[in-house]
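I've put the structures underneath this note.
Paired with chain B in one complex and with chain C in the other, chain A is shared by the two complexes that follow.
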Partner chain A sequence: MTTILPMFLNAMTLVSILMLVGLGLAVIYGLMGVINMSHGDFITIGAFSLALIQSFGGSFWLALLLAPLIGALIGFLIERSIIQFLYKRPLATIMATWGLSLIMQQSLQLIFGAAPQRVYSPITTSVEVLGVNYPAYRLVMIAMAIAIMVAAYLFIRKTRFGLDMRTVIQNPEMADALGIDTKRVFAIAFSIGAGLAAAAGVLLAPLTVVIAQMGINYLARSFFVVIVGGAGSVPGVVAGSAFVGGTETLLNYAIPATLAQALVLVLAIIVVRFRPSGLVPG
Partner chain B sequence: MLDVEKLKAGYGMLPVLHDVSLSLEKGETLVLLGRNGVGKTTLLKSLIGINKPTSGSIRLNGTEVTGWAPNRLAKAGVAYVPQGRGIFPKLTVEENLLVGLRSRADGRKTVPEEVLDMFPILRERLSQFGGTLSGGQQQILALARALCGDPELFLLDEPSEGIQPSIVQQIGELLVTVNRNTNLTVLLVEQNLELARRAASRCLVMEKGRISGNLSKSDLNDERKVFQALAL
Partner chain C sequence: MSQIPSDTGSSTRSRSRVLVSLSLLFLLAMYIAPLYVGVYSASLFRDAMLFGLMALGLDYLWGKTGVLSFGHATFFGAGAYGAAIISTQFGMDPSYGAWLGLLGGILFSCLIAFIVGYFLIFGGVRGSYFTIVTLALGVISVHVVLTFSEYTGGDAGLLGVPPLSFPTVDGFRPLSQLGQYWFVMTTVCAVTCGMWWLCSGRYGALLKSIEDNEQRAQALGHNTSLHLLIVFVGSAVIAALGGALYASSVGVVATDSVNLILSTQAIIFVAIGGRGTLFGPVLATVCVIWLEQEVSSINVQLWPLFMGLLFILAVFVFPDGVLKRAEALFSMIRPVSGPGGRA
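Coming up: the complex of A and B.
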């Protein structure tokens, strides 16, 4: 038990991080079909918001509340000014969002400097779980990730806006003809995806180095999670994260980290070869 | 209630409609006949705002609505049932109907009982995905969804296409009943003469993007006149 449990909790930590960073992209890429190369930078925005708020004496929990709003607002402005004109031009979207990503990274670096930002974990104690000492913050993060996934699932399935979103995604022209303002739905959905990425940034900041380029680490993996899991459903994100995070952690115990990551990619390719629409097809 | 004047529309550089003019009185059912490719669907899509007209005007109850977005026209009382039905396959039957409520002015949040009473088959299948229904059932769902929005003007594009005769007959009866009970105005594009005869109060014929003739209700029973009008 004393060796298996930490292994399991470590896997759960990575799976939670992947769920958090993948969820926003599941909305933006999985549901709306926007190949958003700047997704990782919204995670960075979340982490920097945390650093900024803490530097003014604000608490971690305040940042967890405000950062998603900051991310959503920036996402909304970007959707209105750039993305809305590119829905039918996927290649242009890749170029535009990649450029945007570079601009955001450089702006953050110009404003805040290249040194890592200071962030403080709200909980620094360890707790004993079945005879094993484990950092309490990680357990809190795992719980938060699960709560956010459940909330997102209920939001998409049970609310009026969730229904509008599913409608617009299936057939925008018909949704429009039924009285749904499709432009508004797209703008809000994009903002929600950006806000979720920022929330992920806050939650994972205490476990990583907060610099302007930190988002890059999560960009490819977010796409991984969404593609392997199945485009655009919450259960798909859970399945994709469990697959990518679970195998990577387990392999890390046996082989060098870089090799483990490469092997996860190979396994992902095999999964997609046999299940082209992912583990949980939408 | 609907006045269309010298409407021109098309796809990109390709013009399809040439100066189409027509008007509908409140409560009538106008059937638009014509062969494939003469612009009937383009006309309906222009009336719901999916195609933007290049010139001409559309007035709804006296208000100029040319160039309005579909969702704005839907809220103004125009319902559109496209060819191929346009139901949402991955939404349940109930969700499909709930989405139909979006265009209502009164902000109602539940599917009206009258609509479900009209279509008992849908009541039995509320929790089933739209995509699992048969073609005829999907057509019924599309009609019911449009009625959920409490429309004033109904634009129907070939509801009989690819559907078994018994359901076509049912749709015909339904159009007559709805038209009588709610004073709904209907513009029906149809190739099925049987359905046209059953539902129409009058009929226009379209050819090469223009209105080329009109037929009264009694003319529709005269095969010779119909064939002549359609140039068959």
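Coming up: the complex of A and C.
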């Protein structure tokens, strides 16, 4: 138990981060079909928001509240200014969002400098779980991630906007004819996706090095979370992140970290090849 | 545009004539460049031409069949690392070690492309899925290079890759800087012209039909998966040729010849040069790398911003390449009589 439990909790740490990032992408890519190459940079935006708010003396919890709003606002502006014109051109979307990603990364580096940003964890104690000492912050983070997932699921399933969104995704023309403002739905959905990634960035920041390029590490992985899980459902995201995060953490115990990341992607490619509609087909 | 076939036909012809004559002019300038700017400055053009081969490879895939690879630096890097490892790690005589490296690098890349391509293309992976999988391929190859640092040199890279040798009166001699430059120029031109010739006839039309509607091409009796696999492997071989020649002419291979930045730069080269024009991407590569030098000499930090901007411009301002956009603007300010004026 003393060896398996930390392993399980470490896996859960990565899984919960991937779950949040993946959920954001599941809305943008899985539901709207937009291949957003700048998705990883919204993680960076979240982490940098935390650094900025903490440098002004704000608390971690304030940042966790504000950063998703900042991410969503930037996402909204990007959707309105660029992405809304490209819904019919998937390859053009890939290129434009990759360009945006380069611009966002480099702007952050120009403004804040190349050195890692200082962020502080709100909880530095560790607690005993079944006889194992484990950092309390990670446990809180896992709990927060699960709470956000549940909230997102209820939001999509139970609210008026969630219903509108599902309608638009199933058939944009019909939704339009029924009087749903599809443009508005797309813009809000994109903002929500961006905001979720920013929230993941805040939660992730105390555990990692906060630099302008930090998001790129999560880009390929988050796409596979969505694809492996099955495009665009909340249970799919859970399955996908459990697969990617779980395998990677386990492999990390046996082989070097870089090879583990490579191997997980290879496995993910194999899964996509044999189960193109994912582990949990929608 | 499609209502009057003869119109579009002659417009395309005149466009390709403009492109070919531009290329020839450019080529002449490139050949004599070292005599004016010196061999050292000309090595920038040499490297750019080799990256141009990667762009050509990507254009063969993306421009001709519409399949976008987001990890084409994998094949450039496989060629470069293959050549470097074979020619430096086995204690071979550099006179033939360099050639074996070149061959080995290309074969290595070919093998990767065949395995990956067979697995994906025959598995029905197309469109955006293919792009995302190749993005992962690019990430994987960087991780692999970093993991096996005893062979690849890890972050530091591999040094001392020997230049190619040719027989002279007193035995095998490595190429001089100038000789290398002209050898690279000639190779790149030969490959580009070869690809243009290959794709100009029936074969080009076949690839176009696969891009437009794969199912219909299938129904007409073409084994589209096989064709796509051949194109994928071919494009990897061209990129690997560029990579292997890059290793032997620069003498150093590091992770910047395999990383994601290079993969995406290849996309920009093709997009700016004009997708599917083959000559265009090679020209664009040289121009963009020259621009990169100029911008970076002002401030190194500025270039990624420029790259990002180029991507967005490529989508909104010149979706068919800079030349076509310039041509369209040109015909707007100057009323053209006769065919081709409506382009």
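Note that the second predicted complex is superposed on the first by the 282 of 282 C-alpha atoms of A that agree within 3 Å, B and C clash if a C-alpha of one lies under 4 Å from a C-alpha of the other, contacts with A are read in each partner's own complex, and residues count from 1 in each chain.
In the analysis below, contacts are C-beta pairs under 8 Å (C-beta built on N, C-alpha and C of every residue); 3 or more make two chains touch, one makes a residue touch a chain.
Remember, it's a predicted structure, so these values are computed and weren't measured experimentally.
A.B. asks: Would you mind checking whether chain B and chain C clash or fit side by side on chain A after the superposition?
C.D. replies: fit
A.B. asks: Could you say whether A:F224 touches chain B, chain C, both of them, or neither, answering first, second, both or neither?
C.D. replies: Touch status of A:F224: second partner only.
A.B. asks: Does chain A have more residues touched by chain B or by chain C?
C.D. replies: C
A.B. asks: Go through the superposed model and pick first if A:L265 touches only chain B, second if only chain C, both, or neither.
C.D. replies: In the superposed model, A:L265 contacts chain C only, not chain B.
A.B. asks: Looking at the overlay, does A:T208 come into contact with chain B only (first), chain C only (second), both, or neither?
C.D. replies: The answer is neither, since A:T208 touches no partner chain.
A.B. asks: Which of the two partners, first being chain B and second being chain C, lies in contact with A:S107: first, second, both, or neither?
C.D. replies: The second partner, chain C, only.
A.B. asks: Between chain B and chain C, whom does A:L91 touch in the aligned arrangement: first, second, both, or neither?
C.D. replies: second
A.B. asks: With chain A as the corner point, what is the angle to chain B and chain C based on their C-alpha centres after superposing, as a multiple of 10 degrees?
C.D. replies: So the angle at the centre of chain A is 90 degrees.
A.B. asks: Once both structures are overlaid on their shared chain, how near does any Cα of chain B get to a Cα of chain C? Whole angstrom is fine.
C.D. replies: So the smallest C-alpha gap separating chain B from chain C comes to 10 Å.
A.B. asks: I'd like to check the shared interface: which positions of chain A are touched by both chain B and chain C across the two complexes?
C.D. replies: Correct list for chain A: none, the interfaces share no residue.
A.B. asks: Touching residues of chain A toward chain C in the complex: what are they?
C.D. replies: Chain A reaches chain C through residues 35, 82, 85-86, 89-92, 94-96, 98-103, 105-107, 109-110, 216, 219-220, 223-224, 227, 256, 258-259, 261-262, 265-266, 268-269, 272-274, 276.
A.B. asks: Under the definition above, what is the set of chain B residues touching chain A in their complex?
C.D. replies: Residue list for chain B touching chain A: 48-50, 69-71, 73-75, 80, 82, 86, 88-91, 95, 98-100, 102-104, 145, 149.
A.B. asks: Touching residues of chain C toward chain A in the complex: what are they?
C.D. replies: Interface residues on the chain C side: 68, 70, 119-120, 123-125, 127-129, 131-133, 135-137, 139-140, 143-144, 146-147, 260, 264, 267, 271, 301, 304-305, 307-312, 314-316, 319.
A.B. asks: Name, in rising order, each residue of chain A that touches chain B in their complex.
C.D. replies: The contact residues of chain A facing chain B are 163-164, 166-167, 170-171, 173-182, 282.
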